[in-house]
Structures are given as structure tokens and as C-alpha cells.
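Next, two complexes with subunit A in common: one pairs it with subunit B, the other with subunit C.
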Partner chain A sequence: MSNKSASVWTSIRFWRRSAAWVTATAVVLLMWLTFDTVKQISMGSDEDLKKGIRKRIPAPTVINYHIDYKFSKKRGHEVPVIGQKEPFFGKEWSPKEAAALLHKGKLTFQAKACIDCHTALGNGAYYAPDLTKAWLDPKWNNGTMTAMIGKKTKEEAMAEFLMHPDKYPTHGRMMPNLHITKDEAIALVAFLKHMSSIDTNGFPRNFSINAKRLKGGTNAH
Partner chain B sequence: MIIQPFTDVNPSFFGMLNQGPLTLTIFLHTVLILPMIWIYFDEKKKLQNKK
Partner chain C sequence: MLTNKHLKYESQKIGMNYFRVAIVLFGAQLLFGLVCAIQYLWPGFLFETLDFNIARILHINALVVWMLFAMLGSVYYLLPDEAGRDVVGAGLGKLGFWVLTAAVTVVVLVYLFIQIGPGKESTIWFINEGREYIEAPRWADIGIVAIVLIFYYNVFFTYIKGRQTGILTVLVADLLALAGLYLAGVFFTDNISMDQFWWWWVIHLWVEATWEVFVGALAAYGLIKILGAKREIVEMWLWIEVLLLFGSGILGLGHHYFWIGTPEYWWEIGALFSSLEPVPLVAMFVHVLYDWGKEQGHKEAVEGEGAHAVSNSPAMAWIALNAFGNFLGAGIWGFFHTLPQVNIYTHGTQFTAAHGHLAFFGAYATILIAMMYLGVQGAYGIKKMTMTFKSKMAIGLITFGVIGMTVALTIAGYEQVLVERAELGAGWDAYFIAQNLTWMKQAMGWRLVMGVITFIGFVYLLWDLVTIGEVEEAKEANELQSAVA
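Right, the complex of A and B next:
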């Protein structure tokens, strides 16, 4: 009887202290996690790029660099590798110009509702190819698309494709003509190039293996 | 191995916790539940002293 009256489980103080402890700890941890996440997803600067400091999301000026996608043994998946400088649409874009171009690209991406069919960074549909690493699709590198479209560089071919997608059906499907202007197309290509440089911890999985197996095209199966 | 080398791009405390089997979940449960066991025995002692 005496033991029963001393039960902690019926003690209001015990539950009150436990609840206070759990709530306080959760508040602190969530605040810490929030600041940690903000740090992780903050865009790097042009200076970081020049110094070779790797950020998960590089500065918009990453469009002035060659971007490669290589398997990292240490991390167990592919990671974007930012290489030497290469002209983008025949010029080097200043930090201000690059930021404005990327912003226009993002607005166009939203206005044309690309994710109604495509996926970008895990958001969207899987009807059309995943665009997260579209810039790195070997189909644009080995000349297949550039030759078909009749352009010398990858960015020019992509822009032309975006302006008249109905002329170039691929993978047995045809992207509808969304009446994208030349300026919008250039901005969209910049947006896609920047997106491909984002370190997504290897998402989409086995990009290069699938691209090789399907002879280009990402998740367009 | 319970502790594995850190491989993420940006070093972070939570990133470190998420390497291998030593997961964030185990850490959070440890942080929350171990002090609750102490609270339990502390309350028990208080109740017995009051009696």
C-alpha cells in the first residue's frame, strides 16, 4: 500500500518536469537545426568559386565554368566537379549579370510550369526527363543533339531546343512548344546549368550509369 | 563501425551524426530519454522522503 502511494507514474510533478524537459530540448534542437540548414543551403559567392571553396550551392557565376559529374569513391556517389572557365553564350558573365540571368531563368521555369512534366531537385513529375542534371546529359555532349539542332555549342543547342521543342522529338515523346523567347531560353539554360552544379548528394541516383544505358536522356524511360 | 569518416560537402555537427549507424534518431532519443530516467529517480526519491 505504501509503495503504491509513492508511484512516480501518478506524480504530476514527474510528468510536468518530463514535458518541460522534452519541450525545451526540442526547441533548442530545432532552432539549432534551422540555423544549420540555413548554413547548408546558403549560396556560395563568386570569391568561393575563384578560391575553389566548394559549397553545396555555388554562386550564379558557376555558369562561367565547365561542370563535370564524377563518381566520388569517398562519398559513394557522383558529385559535380567545377573545372576550368568556359564561355557561356560566348561571354563571361559578371556576378550581377549571372544573378539576374538565373533569376529570369527561375521565373521562366515557374511561369512555363516545367515541373508539370519534368522533375527538378526532387520536385515535379516524371513524365519527361529529370532536369536536375540535364546540363550534364551526355546526349548534349557527344554531339547528338547539337548535330540534330545544328548548333556548335551545348548552350546554343539547348536554347534552340527550348524555343522550338516540337521540331525535335526525342525518346518517342515531344515537348510542346511553350513559346519561349530567345532571352527566356538563354536564362533557362543558365538556370539548368547552375542546377546541375548543385551538390545533391548523388540525386538522381546512378545518373551516368542510366545515361549510358539509355544512350542519353535522364529517366526518360 | 559505429563512427565513420565524415564525407559530406560542408562539415556540420548534424552531418557528423548522420554518418553510419550512429544516427540522428539514436542521438535525439539519448538526449531526451536519459535525463528523463534521472527525473524519474529524482521524483521517486522526493516522494519517498515526503512519506
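Right, the complex of A and C next:
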């Protein structure tokens, strides 16, 4: 056990050195991977979007485009597909406006502690639905919620719901009124739309089954 | 728990103060956990008064903070024993304790009464940062960093000026990493993927790397203190544990990077290294039981049958529970859903909650409670502390309760994974169909029942920590008197 041990396996010095080397190697590998990952998960630019270059996390101006989530044969799971331009709250947002909107949306998302009921990208609490692809959720797409709230577009319906969730209860477990202002609600919807465009390697899996099921009206409660 | 009368060192008195606040916060954690559990069954409970998100913030923040308090307390308590001298800056250490306690009180009051704010920077600075586990507002982050710097100064210079044992060497290195990692969580970004990428540096590299090494060091100290285990053996094991824990845990971080926008290569890295994470936990389990058996056998050989090697049986019971609970909760329950092929379905379900409950309890709560019992023993100057009825009720009920909650949440998780994710393919509608199934409701019902049992166990624990010192002290005095007579 002492430094002059009979065997290396019972030498403290050997294990101490091994621990230091293994830890250092793991740290160096982590650093190297971190540099690569941080580069890959930095937001793309508006130019990328215009040229059709796919980034894992697109620019805030992705809110000006139609977003879908489709099965990719090559990758073996669903991936976000950025399509044609579509107005968001009736207009096209400049890169500066879109960035400011996303900033406010993310701030509001944190200020209202959304993640302590919901999950985002699967992380958070499990008391309310995952928001990763909320923008694409068929409940909003096929008009169920949109019709109930009485708005023409999905984004307007979502914003209205966020401002007055207590007026539109869907289940016994309902969202409390968090005193979200109209500006904050628009920003939150932008944040959700942006999040739905993030390439999450196919999470949540089989999301499109959901869309088919709800359209067909089978299997519903 | 209420006295310091036999403690020679200022450092240990500071440690006891940390323990006292920690146990109160532990109670708060359980109470707010019960509120959340009730809301799963009766969503109208405290609706728009103390909503689920606020109750949960309090539940998980009280958890993190009581553990940090108990960790700081443990280090201040063992520091003089290991270094062979008192802490260098006792006054500074005391100041740090009071400032930290005051800051935590303010943060909790703000959570309770202000709760949330408008979507502006000021909310992040003064009310709530809205990032799971580290919701504390920015001003508190800066305060925590300042207090931790004081703490680290104390540990480092006491170590330099005192005896540099292997346990302290590990702690000095580990605490530096632990404190430094917190900085990865103190910034704001609009990019949710970047946000979660760095957030996991704090959460994962705390609970699956630096905190685990910290636990290894505490267990090493505990074994020497309680069993009189041979320091050379214990410290050699500690280095092996450091090797295995950091070797698997640092890159095991990858299992959080499967679905948050990060590249696919994390699938393989995360799967490989996190599969190795249970290995050191097996090693720790074997080590604790081996030392216990060895010292007990040695004692019996020397003093005859009936002799006990353990000088603090409640602490030893909690350490043994730690060795097993860490392996079961962090190791087995973690491995259940760590492979990406499984995790794509289980990510963000009650499965994670099941793992979280058993892992935090098994890996951390247990050993920190053991340290509190060691503190009580020292404070009352007890030579051989035995279990009271209350100690047994505490350990029995809390363990039964937590395992019960874990089983209930695992069942809820299975149901959610199979129905919401596999059958219906996620989304709002799928979520609520799964949540409203009888299976989910039954599981949540059992979770609440087991939560109540855990809380009753906590009441016994608190009662025992407050009274066991006097009871055991009087018992030893009586034994001494009858021996003299």
C-alpha cells in the first residue's frame, strides 16, 4: 500500500497517477468535442436560410418560413423541413426584428418558469406536454384549438391561448394564467416556432403518426 | 444536533451550522414535493396560488441547496480531522455561512411570494432565472460564487498548512472543479440548444462526476472514522474510484446530448461512457461492504464475539445504504434508459423522474445524513453511538418511501413511454391520453402515498437528530457509572 509496494496493483502512487491521466484525457476529449459541437449548434444566418443551407439551429428569421417535420429515409427518422415563406402574425420579420422577438421569447420562457411544468427539447418537468415541436402539433394544425379559440391563424390562436389559458381549458390539468402580455405571447410563439425548426435527431420519434391519427379521427378518446 | 459543546474546532462548529440549515431545507424539499404529488392527482389544489411550476422550483431547489449546505457542512466538519488543524479563516467561514443562509432565505421568499416576472432581463436578475435546478436569480448566482470562493480559500489553505491526506487532496481538486462548473450555468442565450448544452455541464458534471467523487471522499472519511479502517487501503480505493468515476462520468455527459440539437456522434459517445458509469458504483459498494466485514472480523478475532467495530451505527447504516442506493438509483435506474435506442422514447417522461428520485436519495441524501450523525456524535462527545428506535424508523420509512415512489414513477414512466410515445407518437393529444389513463393515475396515487411515508420518516429523522445526542450521551454516562460502581 505504501509507495514502495510489492505490486503495482496495490500502489497508491500508481492509482493516483492513473486517475490523473484518465481524468485529463477525458477532459481533453470533452473540450475537443465541445469546440466542434458549439460550432455546429451556433445559430445559422438569414443568408443560410435564403440559400437553403440547413443548420442544426437556424436563424431567428426561420419564423418567416413554413416548417414541417418529415421522415428522412437517409437518416432513418423525422427531420424539420423548412419550406416556402409564410407570414408570421401577418408580416415578414427582418433579421433584426426576428432576433429581438426570439430574445424576448426566450426571456419570457425563462421568466414564467415554463420549464418547471413543460419540457423543451425533452428537458424540464413532466406535468405538461413537451414543447419541442409544439408549433407543429396537429392539435393546432388541423384547427381544433384554433377553431375553439376563434382565430384565423395558428400563431394568433397560440398567442391568445398563452395570454388567457384559463378561458380555454382542455383538461382538468390546465395552464394557469401567467399574466403574459400580448407582446410576450407573440414572442413566445416565435420562440416555439424557432424551436420546432431545430434538428433534434428525430426526437420526439413518430411525431407524424400523431398527425395521421388525428386527421383520421380513429384512436381518439 | 443543537449543541457544539464537545467540538474543539471552529471549523466543526461551522459545519454543524450548515447541517442545521440543511436538515430544515430537506424538510422543505419534501413538503413542496408533496404539493406537486397532490397536484398530479387533484390539479385544482393551490391552482393559481402555488402552481405546479413554483412548487417544483421549490422542491428541486431546496434539494440542491440542502445538499450543497450539507456538503459544505461535511467539508468543514471533516477538515480539522484530516488536516490536523483548525480552519485558517474561521471568522470568514462563519460570515460566509450567515450570508449564504440569508441569501437562500431571500431567494425562497421571492419564489414563494413573487414567483414569476415579466419577460425582461430584470426577472432573470432578481426573481427567477427559469432554468431547471439552477433557477436562482443572477444576483444570487454571484453571491453563491463569492461564498464558494471564501469556502474554497478556507479548504485550500487549511490543506496547504495542515496534513495533506489523500482524502483532502481529492477534495481540494474536486471542489475546484465543482465550483468552476457552476460558472457554465451563469449566462443567458437566445439559443435553447446552446443553453441546454452548457446547462448540462453544470447539472451532469455535478451529479454524475464531481458530486460522486465528493461522495467517494466522504465515504472514505466515514469508513476511517466509524470503523477505524486502514487509511492506506481506503485512500487507494478512493483513487481507483476517482479514476473510474471521472473516466466514465465526464464523457458520459454525452447521454444528455442525444436530442437537444447536438450532432449525432454523441449517440455513440454517450452510450459507451454512460454504460460504464455503473462500474465505479459497484466498486464503491464492494469497497464499503468489504471494509465493514474486514474490520468487524478483525474486531471479533481480537475481542471475541459480540464486539462491534462500528462506532456510530446510524451513520454506518446510512453509509451502507448509500453504497447500495448509489448503485441501484444512479447505476441501474440510470442505465435503464441511457442508450439512445431506448432514450428516444423515455427522454422527458416519468422514467427520468423515477431515476432522479432514487439517484439523488441513494447517492447523496444518504451519505449526507450519515455525516450529520457523525456531527451529532462529535458534538456530544459520544464514543459509541447506537441506533435509537427513531433512527430505525427514520431509515426504514424513508428508504421504503423513496423506493416506493421510484417504483410508482417507473410504472408511470412505462405507461407514458408505451402509450404516449410508442403507440401514439408524442404531441399534446398523446400526452393527455397517456396522463389520463387509469394506470397513470394509480401510479401517481401510489407515489403520493409513498411520499407521505417518506415525510413521516423525515419527521423521525429530524426528531432523532435533535434528541439522539442527549440520549446516547446519558447512556454512556450511565454505563460508565455502573462500571465504576
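Just so it is clear, the second predicted complex is superposed on the first by the 176 of 221 C-alpha atoms of A that agree within 3 Å, B and C clash if a C-alpha of one lies under 4 Å from a C-alpha of the other, contacts with A are read in each partner's own complex, and residues count from 1 in each chain.
In the analysis below, a residue touches a chain if its C-beta (ideal position, glycine included) is under 8 Å from a C-beta of that chain, and two chains touch if they have at least 3 such contacts.
Because the structure is predicted, anything quoted here is derived from the model rather than measured.
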Item to check | Contacts of A:54 with subunit B and subunit C, given as first, second, both or neither | outcome: first
Next on the checklist: Just to be sure I read the superposition right, which of the two partners does A:6 touch: subunit B = first, subunit C = second, or both, or neither?
Outcome noted: first
Checklist entry - When the two structures are overlaid on chain A, which partner does A:119 contact: first (subunit B), second (subunit C), both, or neither? => result second
Checklist entry - Does the superposition put A:139 against subunit B (first), subunit C (second), both, or neither? => result second
Checklist entry - Which partner does A:74 reach: the first (subunit B), the second (subunit C), both, or neither? => result first
Next on the checklist: If we overlay the two complexes on their shared chain A, which of subunit B and subunit C does A:111 touch? Say first, second, both or neither.
Outcome noted: second
Checklist entry - Regarding the shared-chain residue A:155, is it in contact with subunit B (first), subunit C (second), both, or neither? => result neither
Item to check | subunit B versus subunit C as contact partner of A:46, first or second or both or neither | outcome: neither
Checklist entry - Who touches more of subunit A, subunit B or subunit C? => result C
Next on the checklist: For A:102 in the superposed arrangement: first (subunit B), second (subunit C), both or neither?
Outcome noted: second
Next on the checklist: Give me the intersection of subunit A's contacts with subunit B and its contacts with subunit C, in residue numbers.
Outcome noted: 2, 11, 18, 22, 26, 29, 33, 36, 40, 56, 199, 201
Next on the checklist: Touching residues of subunit A toward subunit C in the complex: what are they?
Outcome noted: 1-2, 10-12, 15-16, 18-19, 22-23, 26-27, 29-30, 33, 36-38, 40-43, 56-57, 60, 99, 102-117, 119-130, 133-134, 137-139, 166, 170-174, 176-178, 180-181, 184, 187-188, 191, 195, 198-210, 213-214, 219-221
Checklist entry - Okay, in this complex, where on subunit B does subunit A touch? => result 5, 7-10, 12-14, 28, 31-32, 35-36, 39-40, 43-44, 46-48, 51
Item to check | Of subunit A, residues touching subunit B in the complex | outcome: 2, 5-8, 11, 13-14, 17-18, 21-22, 25-26, 29, 33, 36, 39-40, 54-56, 74-76, 79, 199, 201
Checklist outcome for this item: The answer for subunit C against subunit A in the complex is residues 36, 39-40, 43-44, 47-48, 51-54, 56-57, 115-121, 123-124, 127-132, 135, 166, 188-197, 199, 230, 232-233, 235-236, 239-240, 242-243, 246-247, 250-251, 253, 256-267, 269, 344-345, 347-350, 352-353, 416, 421-422, 424-433, 435-436
